[in-house]
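Pasting the structures here.
Next come two complexes built around chain A: one with chain B, the other with chain C.
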Partner chain A sequence: MGQENKISRMEFLKKTGRGLSVLALGGIAGAALGRSKRKRESVWQIDPDKCTQCGKCATECVLRVSAVKCVHNFSICGYCNLCFGYFAPGQRELNTGAENQLCPTGAIRRRFVEEPYYEYTIKEPRCVGCGKCVKGCTAFGNGSLQLQIRHDRCKNCNECAIAKACPSKAIFRIPAAKGYITKENNDSKI
Partner chain B sequence: MIAKYRIIVLAGCFILFGAGSVFSSYNFPPPEFDSNYIKPVMEKLPAGADWLSYLDIVVLLGAILLSAWASLKKRSRSVIVIISLFSLAYFGFYKEGCICPIGSIQNVAAALANPGYYLPVSVILIFSLPLIAALFFGRAYCGGACPHGALQDLLLIKEISLPKGLDRSLSVGAYLYLGLAVLFAVNDSGFLICRFDPFVPFFRHTGPFYMFVTGGVFILLSTFIGRPYCRFLCPYSALLKPLSLVSKNKVTITPKECIVCNLCAASCPYGAINEPAAKAPDQKRPRFFYIAFFIAALLLGSVLGYFTGGFLSRYDVNVKTALEIHNYYNTGTKSAVILSENAKEFIRKGESNEILFTLAGETVSHYKRSGIFLGAFILFVLFLQIVYSLRRPKREIYEPDSARCVSCGRCFRDCPIHRKAAQKENENKKS
Partner chain C sequence: MEQRKILYSLLVLAVGLLLGLLVESHFIPEKSKTGSAKEELPDKYKYNIDEYKKVDSGLVIYREIKVFKTGFTEAAGLAIDKNDKIFICGDKGVRVVDHNGILLNEIISAEKITAVAVSGEGVIYAAARDRIFFGKKDFGRDFGKRGRGKGDFEYITGLKTSGDKLFIADAGNRKVAVADLQGKFIADIGGKDAAKGIKGFIVPSPHMDLDIDKVGNIWVANTGLLRLEKYSVDGVFAGCWGKAGAGLDAFIGCCNPSNFVIDKNGDFVTSEKGLPRIKLYDKTGKLKGVVAPPSEFNEKCVYMALAVDSKNRVFALDSVKKMVRVFEKKQK
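Presenting the complex of A and B:
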């Protein structure tokens, strides 16, 4: 029978196999795409309302200086003289002395604006993302200091190592166009 | 009139819900400044645009097609080396290895299992393009477009050939790894392939210590064993192998007919060249022997898989936390128990234990159920591997094994017919 037909048995099997594989691949791709919630590109980000500043962001990221940094959302900052993100508990004086500062790397700059307001800025290259300042600001202040994943540093890993280690499951994917979640504008709770 | 009314209502809503709720919730209301101080804006460095990821797909497709052309049509090892150098530089060191088709298996598996998973179209394309290409050009992706393969291929200094039996047994590792990775991905417990990828920390110049150790081991191994990751672990190769078995076009060692000169036999560092062989005398094994063997394998696999699944579920975060919490409340001395961050966070939040336990129970049973498939799959692969190795087809010429050949083009140079043809072509070009 093999000789009568123009193609041999082996070739027939291969052709069938190829056809079936194309169908299976198409099926898998189609089904996966159909079930997917969103189809746009996405990035990892921290939900500041879920974040508990456990400090894992500084240590779990695949980058040795984490892609997570403290960012300052000036629009909700109280510009306090006694900033709980800046001063270590039991500080001696409210000045920029190193012994008064909470940040282990001295990454926050305090600048006088007008009585009684002070401006706090993050020197981002120094920040290691430990979240100590965020903890202080969230606990007692407005929460204008927040941890966010910096997309210029983030490798956008397929699986975020910090997201897996995060005890409060605060890290998840958001549309790339959105990029950052701020506290006063957090619509990530779907 | 209506427009005016609408504006008033909107303004009212804004005062009630917008401005009111924003400022009342702060301990220290954001101040209004008398001086001409301007509030800085939170710096939001943007992520890369969508179209950039599509550019990567175009580059990937280009690299695969070029590699296919170089291995099938142009038949030039040097062109393949140039393409793999480019892939290593672009997909490896520039894009830093993410996202790659190998890892995308997990995204697709997770999307199939969990409706609502975030799966961009670009990831689907990255997953399926090399597989579709394998149906037409063999493993052209492995040959030139994969940065992992390129790195190992270029590092190979002096190969030692592994015994055939060892090579075949170790290559089951790829299917096992694929099965485990899919099991973890569908249960939403993490991406194994990415977490233990050996080469990504080198591409990024940074990473956890254990990744560097495994990476270093693989890099050392690949200087004398051809492509150890590709052959024995790469889960994507477990998909590419069966597909390239039915591939339309295949790499051939010689451009014309093989004269069985034996020169190419040792050229392949990956043990992918099949030598001519006489057909083995038919050992008549009754057909039911195979069928019984097959069924036994599937049954054994399912049972083993069920228990393995239960065991593996301990690595899921929810199950881990549930076990810890259970221990915590059932031991007399609570202070003696050292809790993980996850458990501490759980207790701090004060959520109900019951919910956690039900969730963990569901995860465990899901693991067991998917473990059945994993076990059956692994034993099925083992069965096929054994049957395949028992098969002794008649072969008259030297030819690459279509599943194991990674289209690296090393064997071309050793073929006298290929050399003659290449020489002729060069002379034609000169004149």
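Presenting the complex of A and C:
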């Protein structure tokens, strides 16, 4: 009876190894799940009222092309013909010529709506998050262009490299259930 | 044989490792977001209007003589009566001060006052965005409500009285409303008329000021078109001046001049946001000189309401410093 229950050393090692592998696999899966759950609970966002468009968003993100993009809050846009988020100061003509555009990567599209209104949309793949257009729009217009961390791109690092470098402390975590912070719905103003 | 195989494999592995290190150090920048490994963004990614901030000192024909606190966190408007009393409006109501900033009277309001005017009889008119309060010592009466109909308002940014009329610049509705001094609606000025090619007031941001000249014409800042427009008292468009551009004689940005006032000589004093500066133009819109160059202001100075006293001194609101700044013409 006692002899039947005995297992060989090889068999013991195999079983232990298998058990440990399953345990490790479970542990990894559990850790990954836990991590993703925590990530889903809060996300990094930019407070547009604190942002000074210093340019760090473009240079500090761990991604090759920053997760920060210019987003357009159409509800407060003036649809200006002479948009200072689109045109470089001292522009020669008010047309879509590259020499007249402010954005160094040509990431803003200008479309005629009706005299004298124009609509501006962001071509996100081209945007590097430098904030040049945001600065122009904020200084001269309503500030409808703003920088924001795009959550389809953001890796949600534990310690955000941009937040660490941000001179105005404009980047912080907020519950993921909350929408993007805009200048209108910004209840994080202190 | 086996030993040789292992040796070759290790050799190939070492070569691959070296190649990898070489490629990484020479061809893959540490941070290549904008095609540069530098921590600083290249200049082409930076917004720079320094060139337009430069003003020839010979063109600055005013000097700052005085400065005093507004007493508000968010001051919005300025008016001066015939006795040179100064009326400042803002987040807590209206403060009446003398020319040294000494408080004479204060009318507290629960809502932010966005514009202020005072009649010849000393009645103070104060707009709380879409409603107008008025009274001599307090705001005992009011008129107006939020809406888009006649006599309704959305966002009042300018008030002026002339004779028995009150002129109200409503940036939200993009019109100037005319009312009597008791608040009874008379007419609207400046509507869009596509058939006549009249574009109406284009107001991209809540900045729309107005003033009345000596003849009684109404001048309105059509900020989206970067010009000042003249209307007869009946509301007929009678002319305009002003051009868009980055030069000193033009108005910069999407929507300027943010504020203006007609001085005792009939000249126009204008203020601009974005590139904060105050300039003086003659009656025809020809630049006469600079009251205060951009170097005098913080670039975030957005609210720069203007008023002129009996001595033709320019009083300007500085929303960043929360001060009223007084400028006087330099002696020749």
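For this structure, a couple of remarks:
Definition applied: the second predicted complex is superposed on the first by the 148 of 190 C-alpha atoms of A that agree within 3 Å, B and C clash if a C-alpha of one lies under 4 Å from a C-alpha of the other, contacts with A are read in each partner's own complex, and residues count from 1 in each chain.
The rule is short, and it goes like this: contacts are C-beta pairs under 8 Å (C-beta built on N, C-alpha and C of every residue); 3 or more make two chains touch, one makes a residue touch a chain.
Just so you know, these numbers come straight off a predicted model, no measurement behind them.
Of the two partner chains placed by the overlay, neither chain B nor chain C lies in contact with A:Leu23. By the touch criterion defined above, A:Thr121 reaches chain B but does not reach chain C. Counted by residues of chain A touched, the larger count belongs to B, out of chain B and chain C. Of the two partner chains, chain B is the only one that A:Val113 touches; chain C does not reach it. Within the superposed three-chain model, A:Arg64 lies in touch with chain B and with chain C [touch as defined at top]. Of the two partner chains placed around the shared chain by superposition, chain C is the only one that A:Gln53 touches, whereas chain B remains out of contact. Of the two partner chains placed around the shared chain by superposition, chain C is the only one that A:Lys132 touches, whereas chain B remains out of contact. Using the contact criterion defined above for the overlaid structures, shared-chain residue A:Asn142 touches chain B and also reaches chain C. Residue contacts after overlaying the shared chain place A:Gly78 against chain B and chain C alike. For the contact definition in use here, the residues of chain A common to its chain B contact set and its chain C contact set are 63-64, 78-80, 140-142. Considering their complex, residues 53, 55, 58-59, 61, 63-66, 78-84, 89-90, 102, 104, 115-116, 128, 130-132, 135-136, 139-142 of chain A touch chain C. Every residue of chain C that touches chain A in the complex is listed here, in rising order: 31-34, 38-41, 44-47, 49, 51-52, 199, 202-205, 224-226, 244, 246, 252-256, 273-275, 299-300. Residue ranges on chain B touching chain A, taken from their complex, read 22, 26-31, 33-35, 37, 39-50, 53, 96, 98-99, 103-104, 106-108, 111-112, 114-122, 124, 127-128, 131-132, 135, 190-191, 194-195, 201, 204, 206-208, 242-243, 245-248, 317, 341-342, 344-346, 348-349. Residue ranges on chain A touching chain B, taken from their complex, read 13-15, 17-18, 21-22, 25, 28-29, 31-33, 35-43, 52, 54, 56, 62-64, 71-80, 113-114, 117, 119, 121, 140-142, 150-152, 154-159, 161, 164-165, 167-168, 173, 176-177, 179-180, 182, 184.
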